[in-house]
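Structures for review follow.
Presented sequentially are two complexes of subunit A, the first with subunit B as partner and the second with subunit C.
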Partner chain A sequence: MQSIDELLTYCEKVAFDLNFAHAKNWKSQNEKRVIVGYLPIYVPREVIHASSGLPVGIMGVGDRKQIIKGDAYYQSYICHLPRGVIEMALDKNLDGFDGFLFPAICDCIRNLSGMYKLAHKGKFQRYFDYPQNFDPKIGGVFYIQEMEKVMDDIFNINGVRADVNSLNNSIRLYNINRRLIEAIYDIRQEFPWRLSAVETYHILRAGIAMPVEEHNEILKQVLDYIQTDRGEPMDNIRVVVSGSFCEQPPIGLIKSIEMAGCYIVDDDFMLGSRWILGDVEENTDDPLQALTNAYLYQSQFSSAYYDVGNPKGKRLVAQANKRGADGIIFSAASFCDPALLDRPEMQKECDEAGIPHINFQYHENTGQFKVIKEQAGTFSDSIKLWA
Partner chain B sequence: MATPKDAIKEKSMIIQKEMLTKQFQELSKAKELGKKVVYTFVPGNLIELILAFDMLPVYPEINALQSGMRKKSGGFIKDAEKMGHSEDVCTYVKCDIGMMLNGNIGPTGDKIPEPDLLLLSYTGCFTFLKWFENLNRLYPNAEIAMLHTPYQEAGKMTKEQVDYMVKQLKEEVIPKMEKVSGNKYDPEKLKKLLRNSVQSEDYWVKILQTAKNKPSPIDAYFAGVYYMGPINTSFRGTEECVQYYKELYDEVTERAQQKLLPVTPEGIIPEEKFRLVVEGPPNWTNFREFWKIFYDMGAVIVASTYTKVGGLFDMGYRQNPEQPLESIAEYCMGCYTNMNLPQRVDLIEKYIKEYKADGFLINSIKSCNSFSAGQLMIMREIEQRTGVPVGFIESDLVDPRYFSYANIKNRLESYFQMLEQRKIILQQETV
Partner chain C sequence: MLQNMEEKTYTMGIDVGSNFIKLVLVDYDSQSKIIDKHTEKIRKRNPTQVADEMIQNMLNKHKLKYENIAYLASTGEGDLVKRKRGHFYGMTTHAKGANFFFPDGRTIVDMGALYVRAIKVSPDARVEDYKMTGQCASGSGQFVENISRYLGLSIEEVGDVSLQSDTPEVSSGICAVLAETDVINMVSRGISTPNIIKGIHISIANRIIKLLSSLKAESPIILTGGMALNKGMMQAIEEQLAESGKKFDIKTHPDAIYAGAIGAALWGGYRHFKLKEKQSMAV
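Now for the complex of A and B:
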């Protein structure tokens, strides 16, 4: 068994290897294996896994790669994420990927799917649409068709068709993954010093670049380690961070929030891995229907999800209360329409619920956090003072 | 060039103005008339269905663009930002929210009635979804219906997608319309409206295609945005819409026969020096100044993508009254911004070739990711495929802070110089 520090170092390395060597190495061991890259936020990874595929999350380049070519593809008023994703493709970081999925979250990602088509990257480049109709007989049918298209795409490459057994098995493995992640968040809620937000982030982000089986083992070990105390508790407030679901905040930003006196007890950084709340039914004759039901009825709130009838502001307040948070930090990527357009209403809900909040904007490659640290520090101090 | 007082007021312009005045009057009296009001969006709108239920449409984007043209958008946007909206997001949304914060007074000075139904059919733009969530919170008592239009991700519409939409129309949209309007769905009434739509669409396509003439009798962008008004918004399906397009077609063909150039606010352009294809919406806050830069240089837009946000009738699509709901589904999916990037590039390439354009220009809109994300790649592709000079300018729809006249003029002047030089070279080569 590795020490927790070894595990954390390993996770950080896998999470930020922009050449995805770990995934490519996995693929090279069997000719039926395929790698399917997916953009934020969520895709039902089970259908890829069950087709002998490795779903690999492409979350941008952060501050680990200088953007040169990508900037020539995007105007200054478009967020950063797609620049890095294009740069990676042009720099051959993604060679060896068999296909790409672009989930419906915004028009940038949507149009990026077309750019990949024009650049002929991978054997398929699919915009993965989500039903915004939540009737199982209407939106549900549509969603099953979307998943079947992905299964066809993979079948056309490796001849492997996911069946009831393989899908049930994949669902079971991802259920374990989700449960373990939530268990870690539950422990952190009470003892956030045992695993910092940055460490948690590295562990989760590594999970989207390695097989779920391996990630489950890592999560189990981490969970074991944090059953007992690790680190020193500090006089920090507890916050939920919201709005960072797509373009990822730089690690320095997450660090700054914690160093300024705020324990992050929940967040939407790696939302895709935590999208489905609870288990997906794992022993059914119709696993695609099970995945569909999970999407229709167990989705986490998000800016990608039409929320009339169940407004996300109310759900954010409920999440903050459940986690015992003292405040909410709205932290969105600059020019991120989905996150930023949701913000005023969510803030209003916080005001009505009496939950203090502040907001930041960032780019994935922001290098200076002085101002953010000061703001978060003042936020923390004011809550401590008035609590 | 003719002076402003010589500017020709064509009959079609007068007809359109009357249609709009009547519409806004009706809207301001909606409650008295007992008519229900539907807020909905322009691309892929369901106007024939709305009219079949005898309801009145309100298009928030049209209010925003009108506010832009009347120089009110700047203030509205600032008010929306004061209530917490970011500087970075789509300004149409902020302009609309600002207008509502200021009493929802429409372009004619009358208050726009509150919606009875919020009908979200979000073709080609994810921001619409966010916009409607905001509207839903502003008007919690309005009924709300959603029609999810799948994107043409594979470069085509599939039968499954059509079925998905028809089911939504049958199970979600029509029942809500029945509930709000108190009227029963009448397929025969809908078919009749669709038959009118087809007639208008036939004329509209013929009008657009007159730009294939040299010189072109129309400007398919700056004048095109006026011409497209009735068919893309509240009137498609009506008899007056057919009359409008018939009149416009007659005028345009007459101009073509006389080899007259497009009409501008300052009269008829004397000479067609450059023929351009333009991608992207125009700027509304400085629309006249913007247009003037082009017509002063003798640049005529012979085809534009923006005028296809309401559908690609020129590529053959027509409503099918015999299969009304299926055909409405295809209409929604067929709008320009619902096409994938390769389809958009193919279409632009086709326009450049068929309309014998000298150049291709992108007006990239800060607000609008739906159009703008990917435009630089479109530009490269078009340059490679066609060899025509490409130009790129940036502005915004309704945020006056993002319209820099000097900057745009400079860029366009250099671009026109480039076109001029290329013309000289091409002429020398053919001699």
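Now for the complex of A and C:
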């Protein structure tokens, strides 16, 4: 068993390897294996896993790669993430990937799928759409067809077709994964000093670049370690960070919030890994229907998805209350239309619920955190001293 | 050894600046008293280690253990302090520290190494508004220290030298690089050291006055931070205020450099009792 520090170092290394060497090494061990890259936020990874594939999350380049070519593809008023993702493709970081999924979350990602198609990156490039009609006979059927298209894409490459058994097995593994992640968040809710938000982020981000079986083992070990005290409790406020679901915040930003006196007790940084709330039915004759039901009825909320009859603002307030948060930090990527358009409505809900909040914007490669530290620091002080 | 240790509430505040670390030990109650204070220049040492040694030395000096400190609070670059219970933002602690020196103060000017900040506070030391100098370092203590070093002066000498000025030569107040170029030109033109230093002080004073104007500052104004003890700086501010027709009462305190650390220790004491109260309510 590795020490927690060794595990964290390993996770950080895997999480931020822009060449995805770990995933490519996994693929090289068997000719039937394929790597399918996906963009934020969520894809049903189970269908890829069940088809002898490794779903690999492509969360952008952060502050680890200078964007030169990518800027030529997008106007200045477009967020930073797609520039980095194009740059990675053009720099051959993603060579060895067999296909790419572009979940429907905004126009930038939609256009990115077209760019990958024109650039012939991967053997398939699919714009993965989601139902906006939550009637299972309409939206549900559509969603099953979307998943089947992905299974066909992979079958055309490796000749492996996912069946009921393999899908049930994949669902079981990802259920374990989600349960372990939630267990870590639950412990952090009570003892946030045992595992910092940055450490948690590294662990979750590593999970989208390695097989789920390996990630589950790491999560189990981390969970064991944080059952007992680690680190010293501080007199910090507890916050939920909301709005960072797609373009990921730089690690310096998460650190700055923590250093300013805030424990991040919940967030939407790696939302795709926590998208389905609770378990997906795992011993079923129709696993695709089970995945569809999970999407229709157990999805987490996000600005990038339709929320008929279940407003996001109310769900955010409920999340903050559940976590015992003192306040909410709205932290969105610059030019992120979904997050920024939703923000006023969500802030209104917070005001009505009496939950203090602040907001700021970032780029994935933001290097200056003084202002953010100042905002988070004064926010923390105002709650500690005057709330 | 301090008396009645079990009946007293001791708090510590540590303010980690870019040049100096300031530490205070406070006997916290309604009439809080500063028991001890210490400043250490970081020089080229590891600030975390310096802070740790300072805390340990002060504890040893008073025969106290870390456990005897109800709340050790950091401010400034607080993440460099390993042992602490909480952290408060610099503006919050300077407001409290200034309020401790002069409870009637409604505007605080914190003159630190990297920037100057004007803060409007309520009677109970709550920050109501603030303005600070921008990115450029020409309005900061570090800039004054750099210039004094170029001119062969120690930072302690700068204030007295400035007071000897008769015809100050004002440098650029916008950019530290331009101001340094100005100073090089002044030296080559044979301008005396006191006139150069006074000119620098006037340039910073003008920036402070601009901050005060945009903040709609109220008198009295309390100066805190390392530069607040610089007599030449004080004089320049008073003169420039008089020249601009603004009537402000300016006050500073011999312990002005400790304002952040004192504020941290006092807010720490406040939090200690608030948390205790919360805990007892939960039981």
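Worth pointing out:
Convention: the second predicted complex is superposed on the first by the 387 of 387 C-alpha atoms of A that agree within 3 Å, B and C clash if a C-alpha of one lies under 4 Å from a C-alpha of the other, contacts with A are read in each partner's own complex, and residues count from 1 in each chain.
Convention: contacts are C-beta pairs under 8 Å (C-beta built on N, C-alpha and C of every residue); 3 or more make two chains touch, one makes a residue touch a chain.
Keep in mind it's a predicted model, so treat the numbers as computed, not measured.
For the composite obtained by overlaying on subunit A, subunit B and subunit C can both be accommodated side by side without a clash. Put simply, if you stand at the Cα centre of subunit A and look at the Cα centres of subunit B and subunit C, the angle between them is 100 degrees to the nearest 10.
In the superposition on chain A, A:74 makes contact with subunit B only, while subunit C stays out of contact range. Once the two complexes are overlaid on the shared chain, A:277 sits clear of subunit B and of subunit C alike.
In the superposed model, A:82 makes contact with subunit B only, not with subunit C. Within the superposed three-chain model, A:21 lies out of touch with both subunit B and subunit C [touch as defined at top].
After superposition on the shared chain, subunit A has more residues touched by B, the comparison being subunit B against subunit C.
For the pair subunit B and subunit C, the model built by superposing on chain A gives 20 Å as the shortest CA-CA distance. On subunit A, the surface touched by subunit B in one complex and the surface touched by subunit C in the other have no residue in common.
The residues of subunit A lying in touch with subunit B in their complex are 72-75, 77-78, 82, 104-108, 110-115, 117-118, 126-127, 129, 131-133, 135, 137-139, 141-142, 145, 303, 306-308, 311, 332, 334-338, 340-345, 347-348, 361.
Residues of subunit B touching subunit A in their complex: 83-86, 88-90, 93, 122, 125-127, 129-134, 136-137, 144, 146, 148, 150-151, 153-154, 160, 164, 167-168, 171-172, 340-342, 344-345, 364, 366, 369-370, 372-377, 381, 394. On the side of subunit A, the complex with subunit C involves touching residues 232, 234-236, 259-261, 374, 377-378, 380-381, 384-386.
Listed in rising order, the residues of subunit C touching subunit A in the complex are 71, 78-79, 83-92, 126-127, 267, 270-271, 275.
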